[in-house]
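Shared between the two complexes below is subunit A, which has subunit B as its partner in the first and subunit C in the second.
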Partner chain A sequence: MTTTACFIVVSKNDIPIYEAEVGSTVRQKQEQAHQHQFILHAALDLVQDLAWTTSAMFLRSVDRFNDLTVSVYVTAGHTRLMLLHDSRNEDGIKNFFQEVHELYVKTLLNPLYLIGSRITSAHFDTRVRALARKFL
Partner chain B sequence: MIGVGKPKQYGNVLDKPLSRGRQEVSLSAFAFLFSELVQYNQTQVDNIAELERRLEDAGYAVGARVLELLCHRDKGNRRETRLLGILSFIHSTVWKVLFGKVADSLEKGTEHEDEYMISEKELLVNRFISVPKDMGAFNCGAFVAGIVRGVLDGAGFPAVVTAHFVPIEGQQRPRTTILIKFAEEVLRREARLG
Partner chain C sequence: MGREVAESCIDGVIIEMVSAYASRFYSSKPDLAARRIEAIGFQVGHQLSERYTMERPRFADHLEAIKFICKDFWSELFKKQIDNLKTNHRGTFVLQDNHFRWLTRISLDPAAVANNDATSESESGADMTSMLLYFPCGIIRGALNNLGISCAVSADMTNLPACKFTCDTC
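Then we have the complex of A and B:
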């Protein structure tokens, strides 16, 4: 089953620090990738308002575009993990977010990592893609 | 036999599991490290205000990480969205993890709506430090003030946090108070959330 999915991590200051196309359709057209990022950024306003109304970290689907849904997970430091997807598998998405959150905390604990800067580690990239294949 | 019971070696830090906590560091090692930190910064600056600012920045980095780590590890992935919630989180959870005990007291300021104070009889970082007379009101608790500011800023409650000595009658050493003054937007948002 081919799925489209775009995953980005946005810092507290609304700067994307990590992005990855994790869908199983291999050949994504360039316009589609740009469109995915645009949809995710447009959803940031909604996330901002929603984040202050609940103390949960997993905010389910916050926005819709055609048949694609945006799901968001907000960490304690207001770093947003956002996923644009077309599947209905909520549990899988929640587990995916929790695993990536743990990876993010480990990255953060590095005292030489400047919080809010881009995550450039290739190992982090590999792990996220592996998790996406597993849960999505 | 040699090699039996050797702990598993992980290739990359991202593969290692997050530690469960309960890691204790010797007090003397910490005191030594902190004193070296202060001395190093003393050589880099010309005045007291700059020194306090540097210590605060060092604490800020710690605070931001402590917030993420504790919410993930101890609080079962629940964020704090209210003012009193984040203050009691700092007062109990953060203090317990960093210093081994909850803070002595948490008070609301009487003159201003946006001021709160966390007091401690003897701040751990100040325990082995004596400030010479010519340094005036310098307080190494600026490091702890930085930690608190890091936690508050990360959680979305920007504030100005400072450390002060408050002399108490009948006691030789003054009490340390961390004064937290929240930004305007925090109060407005709190009022809006009701």
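Then we have the complex of A and C:
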């Protein structure tokens, strides 16, 4: 089963600090990667409005484009974890977000990590991809 | 995440950090030492607030964030809640802790306080304590900054061991 999925983490200053293509298709994602990024960034406005209406962290699907949906998870520090996907597995996506949130908190706890800067750790990248294979 | 550490170790580390910055690193520039200690507290507060807000839903407004600081955040750090919260509804909050844990191990030498000749001793005793208080001020400022409220936090220790933290959002 091939799925397309693109995952980005946007800090509270609206700067993307991490992005990864985590879908299981190999060939077509190279041409469509820029399109995925464009869709995710365009959805940021909608997230902004929706985030203030609810106190939940997991905002389900905020936007649609063709057959791709954007799901968002907002932390208390207003860091947005955004996933562009074509699957319908909401529980899996929610668990994926919770696990990545834990990873993100661990990254923050690193005293040498400048808050709001890009996450460049290869370990973080490996773990996120492994979680994506497991839950998506 | 969330392993345990002995409380005496925390007390020891904090007291030694404050003393190192105030007496050794920046001994001639006490306000610079205070800024560095507050900056360390800022980063710690930022990280701790991110960790403690993971399980709970997000905050609807400023007052809820302050109440989180008074209840959950304070009880995670000091095993008790803030005893008194006052606000003037125009952006200033006063958090009062009647028995601030980190100050319970600090003693101001009573002989030096009573003695007029040693006024410099009593001053340095009070100075040391106020240096120590910059760290929790930084923690509160860092936590509130992460929750979206930028403010200035100051501490008032006129009657130990009670301590009042004033958060000014404007």
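In this text, the second predicted complex is superposed on the first by the 132 of 136 C-alpha atoms of A that agree within 3 Å, B and C clash if a C-alpha of one lies under 4 Å from a C-alpha of the other, contacts with A are read in each partner's own complex, and residues count from 1 in each chain.
Everything that follows uses one rule, which is that a contact is a pair of C-beta atoms (placed from the backbone, for glycine too) under 8 Å apart; a residue touches a chain by one contact, two chains touch by 3 or more.
Here the structure is a predicted model, which means the values were calculated and not measured.
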{"item": "Contacts of A:Ser55 with subunit B and subunit C, given as first, second, both or neither", "value": "both"}
{"item": "Touching partner for A:Lys106 - first (subunit B), second (subunit C), both, neither", "value": "both"}
{"item": "Comparison of subunit B and subunit C by subunit A residues contacted", "value": "B"}
{"item": "First (subunit B), second (subunit C), both or neither touched by A:Asn66", "value": "neither"}
{"item": "Partner chain(s) touched by A:Phe124 [first = subunit B, second = subunit C, both, neither]", "value": "first"}
{"item": "Doubly contacted residues of subunit A, that is, touched by subunit B and again by subunit C", "value": "12, 51, 54-57, 74-78, 101-102, 105-106, 108-109, 111, 115"}
{"item": "Residue numbers on subunit A that touch subunit C, as the complex places them", "value": "12, 51, 54-57, 74-78, 101-102, 105-106, 108-109, 111, 115"}
{"item": "Of subunit B, residues touching subunit A in the complex", "value": "12-14, 16, 18, 61, 64-65, 67-72, 75, 77-81, 85, 154-156, 189, 193"}
{"item": "Complex contacts: residues of subunit A adjacent to subunit B", "value": "12, 51-58, 74-78, 98, 101-111, 115, 121, 123-124, 127"}
{"item": "Subunit C - residues contacting subunit A, complex", "value": "1, 43, 46-47, 49-51, 53-54, 56-60, 146-148"}
